[in-house]
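In order of appearance the chains are A, B and C, and numbering begins at 1 in each one.
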Amino acid sequence: MKPGHALVAILAAALAAAPWMLSDFMLSLVLTCLMYAGLTVTWAMFSGATNYLSLASAAFFGIGAYVTAWGFGTLPYAVVVPLGGVAAAAFATLIGAAVLHLRGAYFAVLTFGLGELVRHAITYFEKSYAHTVGRVIAEPPESTTVYLTVLAIAALAVWACVAVRRSRFGLALAGIGADEERAQTLGVNTRRTKIAGFALSAFFAGALGAAMAVRWTYIEPNSVFNPFIGFQTVLIAMVGGAHTLIGPLVSTVVFSLLTEFLRLQFPYLFLILLGLLLILLVLYLPGGLASLWPALRARIAALGARLAALEGGARG
Amino acid sequence: MSFWLELIASGLITGGIYAVVAIGLNLQYGLMRIMNISHGEFLMLGAYLTWLAQTVLNVNPLVFLPVVAAVLFLAGLGVYRLCFRKIARTAPSVEIIEARSLLVSFGLMFLVQNTAYLVFGADLRGYSFLDEPVEIGPARFTANRLVVFGFAVGASLVLLAVLRFTLVGKAVRAMMQSPTGAQLVGIDTAVLHPVVFGVGLALAGVAGALLSMVYEISPAMGEPYTVSALIVITLGGLGSAAGALVGGILLGVVEAFGMHFTSPSLKMLLSYGVFIAVLLARPKGLFAR
Amino acid sequence: MAEALLSADGITVRFGGLIAVDAVELEVRERELLGVIGPNGAGKTTFFHALSGVLRPTAGRLRLDGEDVTGRPAHVFATRGVARTFQTPRVFRDMTAEQNVRFGLEFAGRARTHPHDAFDDARSILGFLGLEDVAGVAAGTLTPSRQRLLEIGMALGARPRVLLLDEVAAGLTEAEVDATVGLIRRVRDELGLAVIWIEHAVRALLSCVERVAVLHQGRKIADGLPEMVARDPAVVEAYLGEAGV
């Protein structure tokens, strides 16, 4: 077994065993971490590769959450979760077909408005047809079930990203990001590819929303469609390096810790700092921390070479 | 009859605000490809500045308008220098300029909005100004709404005139059409870009100041205007200030009618619907060249 | 007389009030080496945009092997066998040279099965162009003339039947121009492709192609054998004012 694979296996086992080993607080932390891992890695898969920056993660997450709000009880947890993903993916396909042919900047602002759009639409729908403001989850599943489900989705998300990167589809996405018109003249159906990528990343955001929704006992549009989720996703991915796989994963851990400890204490100040962080990051390190890695690796290699030379010199 | 007039009027007023905000964003994006998603936050700042002036210093908001414009203009110069100049200099392609400026302004949006939350708190604020009713023909309007409409349209027309008739305005339009060509003729982008950016933010601030005369304000008030501004730009055609004016007013009126016949909460759905419908019919916008 | 492989019928491209391409009619047959020349601003590159599906013509019809492909998106043109280079090389800068060429093979190249398929993989295409030594190098770091060769390689990766070359000899030394001419001949002779070649280095082009069309202010003013076109008074007049034909 390759060392990389062994490491992954150990990590997976450790994560799977967590519910029985960690305190409630720690478990909740790991859970948030896994959620953002899934969100950021699939965001990077589409937006990082194609440079079509989607700010719609919050909208897809919320759609998934509402699928659970509406469906859980009548349908089992194991069904609403993928259903939430499918609903989000369907919505993404629709929106994508309408706006993905626009320039990247237009696309980004429009996806940004989607969160508000869906929130208002659902609020209206709930008030007019369901005559309610929020919904209660009567008998939520056990926290261990929730944890394992989110773990499964996150693992699936990472696997999907790896698979996409190696595939022809991933090559097409990268080509679109590098030079969309050129990719077209080489045979890539850019429209279909973009919509597919967008829908795929939406699926995971929706599934995660559907899975996490049960943690709120009372679900209402304002809490579920939270722009912070979208912002955090983008920030984490950018800090890690939106063109890589490992980058977002590593920075997810860092940020989940930060968020957990700082956000409740200083809600506004925290967001101000995060905003500042994103600005500084894009201006001074647009490739994220992952872009430091090749330089770092080169330095380590050079250091190793120098040490070897010294050793050789000492012996000779 | 008066009902219809009032409905159209409320649409025109919102539309006028949309136009002002959109022209500002249009200048920034059309000239520099800077997609400033935090544009609405500066509208919010203009609103709060005016509210502060009115409640603390008892200054007439109309009199304060030029001050708001000046303050936001200077802020624009600063924001450009700190946040966007580096991107314009170091990005290898237009797409990257767009992507990076988008991300930077995304961060800026959170920064500005939450600073406002921190400083002013989340409660709605407001003041009353010129809220006596005025009768024009069979319809009744509140005086402040008429004033807002007048100033919004007035500001837009002034800007259109500047763009069309002054040397600076022509320089800006030239740059929008051909950046390299304009540089060859001696137009100094290092000066022009921050100035245009500042003008854009000043317009947003003025829009916010006008809004504060009629509505209550909150730190989150600016966000929806950014999205609406983008929709207006797309409707009116990128780079066309006249298109932004017409498109803004059109959107405002369509929204007013739509909201009346369906529900106010569906406002966004309506604007997106209009947007997507127009795009499908005419992908380059209604007035694109 | 062989059927036209690619035919443009009355192609007009209009930008607002400006007519860039004016009812141009052009045909290229299999294995034909066709040149397109004309003074600056004649609309040659815009015509290429229309021929490759990058731009939708305002009027006119485009046929590939008899099939009407007017208005279809660019990737359809590519999968049907039209590949092109751009005036300024547009390589995928962060990918290696090999990945750049492989890109075409993975997409348009897959859809095409051509009896003359000489290339199975990116390496052989790189070899054909003399770029094997930089296969693993990031495309953005190559010299401009090598990038131009890579551009051609990317187009070859799409396994085209018609190759559109846009000013591939611009700014090259005489020796390099000769090498380019040789390469173009080999593309036609060894790979069996039809080639349409836009060029400003008119002398080199005229010595290489079998037929040449001349565009002037968007219109086609001549179409025939190189010797005839070179003597055509309308062509000479169009080039008056152009230094050095």
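The working rule: contacts are C-beta pairs under 8 Å (C-beta built on N, C-alpha and C of every residue); 3 or more make two chains touch, one makes a residue touch a chain.
Quick caveat: nothing in here was measured; it's all calculated off a predicted structure.
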Most extensive contact between chains (C-beta pair count): A-B
Most distant chain from chain A, judged by the mean position of its C-alpha atoms: C
Inter-centroid spacing, chain B versus chain A (mean Cα positions, whole Å): 32
Euclidean distance of C-alpha centroids - chain B vs chain C, Å: 46
Chain A residues counted as touching two or more neighbouring chains: none
Footprint of chain A on chain B - complex, ascending: 29, 33, 35, 37, 83, 86-87, 95-96, 98-100, 102-104, 106-115, 117-118, 223-224, 226-227, 230, 234, 263, 265-269, 272, 275-276, 279-280, 283
Chain A-touching residues of chain C, taken from the complex the two chains share: 52-54, 73-75, 77-79, 83-84, 86, 90, 92-95, 103-104, 106-111, 154-155, 157-158
Of all residues in chain A, those that touch chain C in their complex: 168, 171-172, 174-175, 178-179, 181-191
Touching residues (chain side chain A, partner chain B) in the complex: 51, 53, 55, 98-99, 101-106, 108-110, 112-113, 116-117, 120-121, 123-124, 127-128, 231, 234-235, 238, 268-269, 271-272, 274-279, 281-283, 286
